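Note that the chains are named A, B, C and D in the order they appear, and that numbering of residues resets to 1 at the start of each chain.
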Amino acid sequence: MTLAVGVIGLGVMGAEHLRLLREETAGATVTAICDADGERAGRLAQGAAVFADPLALIASDRVQAVVIASPDATHAGLALACLAQGKPALCEKPLAATTAESLRIVEAEVALGRRLLQIGYMRRFDPAYVEMKHAADAGMIGDPVLLHNVHRNAAAPDWFTGPMAVTNSFVHEIDISRWLLGADPVTATVHTAPGGDPLLITMETDKGQLVSTEVFMNARYGYHVHAQLVGRAGTVQMAQPAVTLTNGSLHHGHTYPENWVPRFRDAYRIQMNDWVRSVASGKAAGASAWDGYVATVVAEQVVSALQGAARVNLSLGARPDLYA
Amino acid sequence: MTLAVGVIGLGVMGAEHLRLLREETAGATVTAICDADGERAGRLAQGAAVFADPLALIASDRVQAVVIASPDATHAGLALACLAQGKPALCEKPLAATTAESLRIVEAEVALGRRLLQIGYMRRFDPAYVEMKHAADAGMIGDPVLLHNVHRNAAAPDWFTGPMAVTNSFVHEIDISRWLLGADPVTATVHTAPGGDPLLITMETDKGQLVSTEVFMNARYGYHVHAQLVGRAGTVQMAQPAVTLTNGSLHHGHTYPENWVPRFRDAYRIQMNDWVRSVASGKAAGASAWDGYVATVVAEQVVSALQGAARVNLSLGARPDLYA
Amino acid sequence: MTLAVGVIGLGVMGAEHLRLLREETAGATVTAICDADGERAGRLAQGAAVFADPLALIASDRVQAVVIASPDATHAGLALACLAQGKPALCEKPLAATTAESLRIVEAEVALGRRLLQIGYMRRFDPAYVEMKHAADAGMIGDPVLLHNVHRNAAAPDWFTGPMAVTNSFVHEIDISRWLLGADPVTATVHTAPGGDPLLITMETDKGQLVSTEVFMNARYGYHVHAQLVGRAGTVQMAQPAVTLTNGSLHHGHTYPENWVPRFRDAYRIQMNDWVRSVASGKAAGASAWDGYVATVVAEQVVSALQGAARVNLSLGARPDLYA
Amino acid sequence: MTLAVGVIGLGVMGAEHLRLLREETAGATVTAICDADGERAGRLAQGAAVFADPLALIASDRVQAVVIASPDATHAGLALACLAQGKPALCEKPLAATTAESLRIVEAEVALGRRLLQIGYMRRFDPAYVEMKHAADAGMIGDPVLLHNVHRNAAAPDWFTGPMAVTNSFVHEIDISRWLLGADPVTATVHTAPGGDPLLITMETDKGQLVSTEVFMNARYGYHVHAQLVGRAGTVQMAQPAVTLTNGSLHHGHTYPENWVPRFRDAYRIQMNDWVRSVASGKAAGASAWDGYVATVVAEQVVSALQGAARVNLSLGARPDLYA
């Protein structure tokens, strides 16, 4: 009695989700897949039905739940289709490209009256972030007052344009900061180094907490995400991301990965297991459509502040009861 | 088309194996369980058939593969029963209590002509040990010449007797040392602190490498396993087992667990996933019956050396081709 | 042929300077001391002449060089007296309470035509900061673009008022940031947590680098200073300030001191040795009067920005050639 | 009223001692120096009297105390000369090459009835070892039961012969182990890797504690000394020897020095300051002639055990009351 899952999009993330469902997730069977590249889909089918049209996959009787990992621009439409079919979906971030589009999805889900969408902000399942949140919630550091985030990529992809440091990378920091602090950002101030990289973004939350985030797209030395949460009685931070240490050539230490996949492999696996269980139990978990909406809204307003020197007031709108 | 697994023994480890199979393992369904405490079995059944007799479970058509997690004294008999039925089994360590018994199992499997038994030396799946072995095998530290192992328990259980520090704890070090070094121990020297705890055991391998192991059953401060592999060009060691670090009350650092379960939770999970895949593919993996035999043989001879001050020569017998 | 030093002020820092001169500094003899509490001075004299009037000490033939460690409000006047006598002085920070006062001292020294004053910004002698600067200057991290500073006190003294987080603590960050980056700040933006503590201060330098500083006066868990310098090819940061690590009571880690004295003991010692050598050689070193002036100027302008939400432009005035 | 010190031997260590006395030590003046290379002595004189004959230096009225840093073979004779003149000396390790020679010096000092000799086992002044001893003495780890020492050189010097791993390197471990544990070794067992390097030496003390030491003369990756002291309630160990950490080229960590000088620079400095103060106060400190004797005795007996596989009983003789 396993969950019949259809996977849309078989690129880097989609192929990894497919592998996780097949090799490391309990209670799920991949019954259908779909990719713009039909040949690739055929190679990965292993008995699953291959669809050329993602909407047909979503509508198919073979599919009880959907993983959306197709290009960003398609997320919103496919998420709406899942809602229309009443099927749960795990949708890769971002939920949508614009505030307006995100809002439309939220409204559709609110109209439906139950949460079917989970957005793939996988950091919420990363063991280090989970431990940080647990430490904060358990009172181990007193009331949180300040969060330091560091987000460094070895090198921005070729197709990166300026605002993508915000809309593609910083959105993760928006989501994880809201989740760690249980608060929404209300102002943002951006400082920019020469050449536009790195950015230093300071946000204030509706609880008065401060969130400081460095986003460095071309840090060169490796992919590195760090966070330290400062409370009134102590702090909790990520340990260095390494399980072994090496001595060699006058050097002690460990290596960094070149990108986010090895760093967050475990988070993606746990997210997938959790999603399958949450669908089976009918109890929504993870980042909601509202969370996806807020990340997009804040990112859009931060982008508008990129050129200015002033503090910008953020407006999120009222949160529907569904997401209380 | 999932693997139908029967679980024998539902104590601490058995219940964890059951949970892993149901919640975090792909491709398996628990179809039968068995425990001396029938009521406990009933509570955990969730639709699986409940057997009072483990041999009946092993023989049942509902069961394709077996997890043996019953008390240590029963392992050997159940492992032999699995071999008799031609069913693959993941058997918790130790394989057997004595050299003679272990040898009987090895001989039965050799007579069968194919590997059906995997012994639950889960450290072989621990990410830190796996990285250490990878570093060594990839030549990153030159030829390994020395291995430092530290094995500390917060407190020995009440029912622990002297030799159990060897037969219950040190066996893990025997197995992981052989696996890391690709070599067998040929001598052992034991040093004992007052009161018999901790032990310091030095082994030499058939490649001339040295293995130094501290076994401290009552280290009090926590459960802590550490290893450093020293090569002719560098070393590789476990990082501290923590994903977060905390500042509080004039202190910086992290906590230790009270026992081995949290430390090796991931290793158990990965072992289970790997075992299910290996059964499905028919390709044996993990610690073999021979490995289980060697751990028991070496432990037995080290126990005999506990009172002496001299270096003891170990004899393992010839390894059957099946385990080449 | 040792340097005859007079020490003014024998409180916590003055007594430590006295001890350092006597026990850990080569080439110096303490020939005169002075304190508002004459009895205390008498107890610490050990053969040195005891002065009731600091100006008399400065003027005395027994004294070749002066350490000024009396209350902050007296620094400016005593520094001017040393200049008037043509005697070198190591003056505790801050140089003066106001921009105007600091400027008067700078102008007096410029009129004299040679540097006699060193300001006790001892972090410039801290081995960790020195290594960070060396790494940056040696090109090990590429061009520095961003500096993260963290300045945490266990608890603010009773007599602390709001602006003192800036004028007493943040001044250290101003000075060390200028020294590490070889650049002056040109803007400052202040974010404040509820209750006014912690502060998050972002500065931009005349090279376009960003400097982010957390000043937390009541961090409770201990005294902790941290810095990470981010370059275009890598980063360098302080290691945890500990030479040993302890396991105990389910905990791994190290302790923090309650205040700055243990953390910077070595920096004070090295500063003192260096100062004595620099006086002997006639080659000024360490933080100059100009550096002391800049720290005061920037702090004063940051204080004025404490209530505002905007980025403030800083103005330093032109640096005299003497300090090139 | 500074101490007039004569320095014998101006090689690597002697030149460093000379520098420390002149630049980083309070209360001392170098009044005389002596080296086999007279030209070198001349270059370093800076006003000190240059002696060709070390015995003449020792006897000179200009010299109140002596630093012996000449070649190892000369230590014993010069130490005896200092005793004959009644002058305190800081003598580089080893005190003497043989048990017999060491014993002669001990007997001479006992006959004199007061301690004049301090042996340069500088690790006793290393901040990390000092903190470890403090933690043990303060009861922070319960009764110490086991000490793990690691002593790795990047490469043995050309002139190194087999036993020197013991007589030159392991002697440091003998001394520091005795000091940390407050106990003497009574047995030793040696295990040797192929080619004779590394050695693994296990000692038992007269309190039943175990001491495990790896001596690796050609560890290649750098100079690295580590120690962990295990008590019945916890452990204390050296932190990694670094004040900064670097990220670069996919790597996080720090560098090791190529030899012992940078690692123990601070220990040498503190030792020198302490020695000058102890001479001034007449209160002997540091490692005594007896400590130097014991290190030599134990090393000699461990060398004799290098080829054997058995546990060797060590005999030290009775400790004279002078060293109680």
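The rule is simple: a contact is a pair of C-beta atoms (placed from the backbone, for glycine too) under 8 Å apart; a residue touches a chain by one contact, two chains touch by 3 or more.
Nothing here was measured: the structure is a model prediction, and the numbers come from that model.
Contact with subunit B and subunit D alike is made by A, C. In this entry, A-C is the pair from A-D, A-C or A-B that repeats the interface of B-D, since more than half of their contact pairs coincide by residue number.
Work out the mean CA point of subunit B and of subunit C, and you get 57 Å between them.
If you average the Cα atoms of subunit C and of subunit D, the two centres end up 37 Å apart.
Computed from the mean C-alpha positions, the centre of subunit A lies at a distance of 44 Å from the centre of subunit C.
Each of the following residues of subunit C touches two or more other chains: 221, 233-235, 240, 242, 245, 247-249, 254.
Residues of subunit C touching subunit A in their complex: 142, 145-146, 148, 187, 189, 191, 193-194, 198, 200, 202, 204, 208-210, 212, 214, 216, 218-221, 230, 232-235, 309-311.
Residues 2, 21-28, 127-128, 131-132, 135, 140-141, 233-240, 242-249, 254, 273, 277 of subunit A touch subunit B in their complex. Here subunit B touches subunit C in the complex through residues 154, 221-222, 224, 240, 242, 245, 247-258, going by the rule given at the top.
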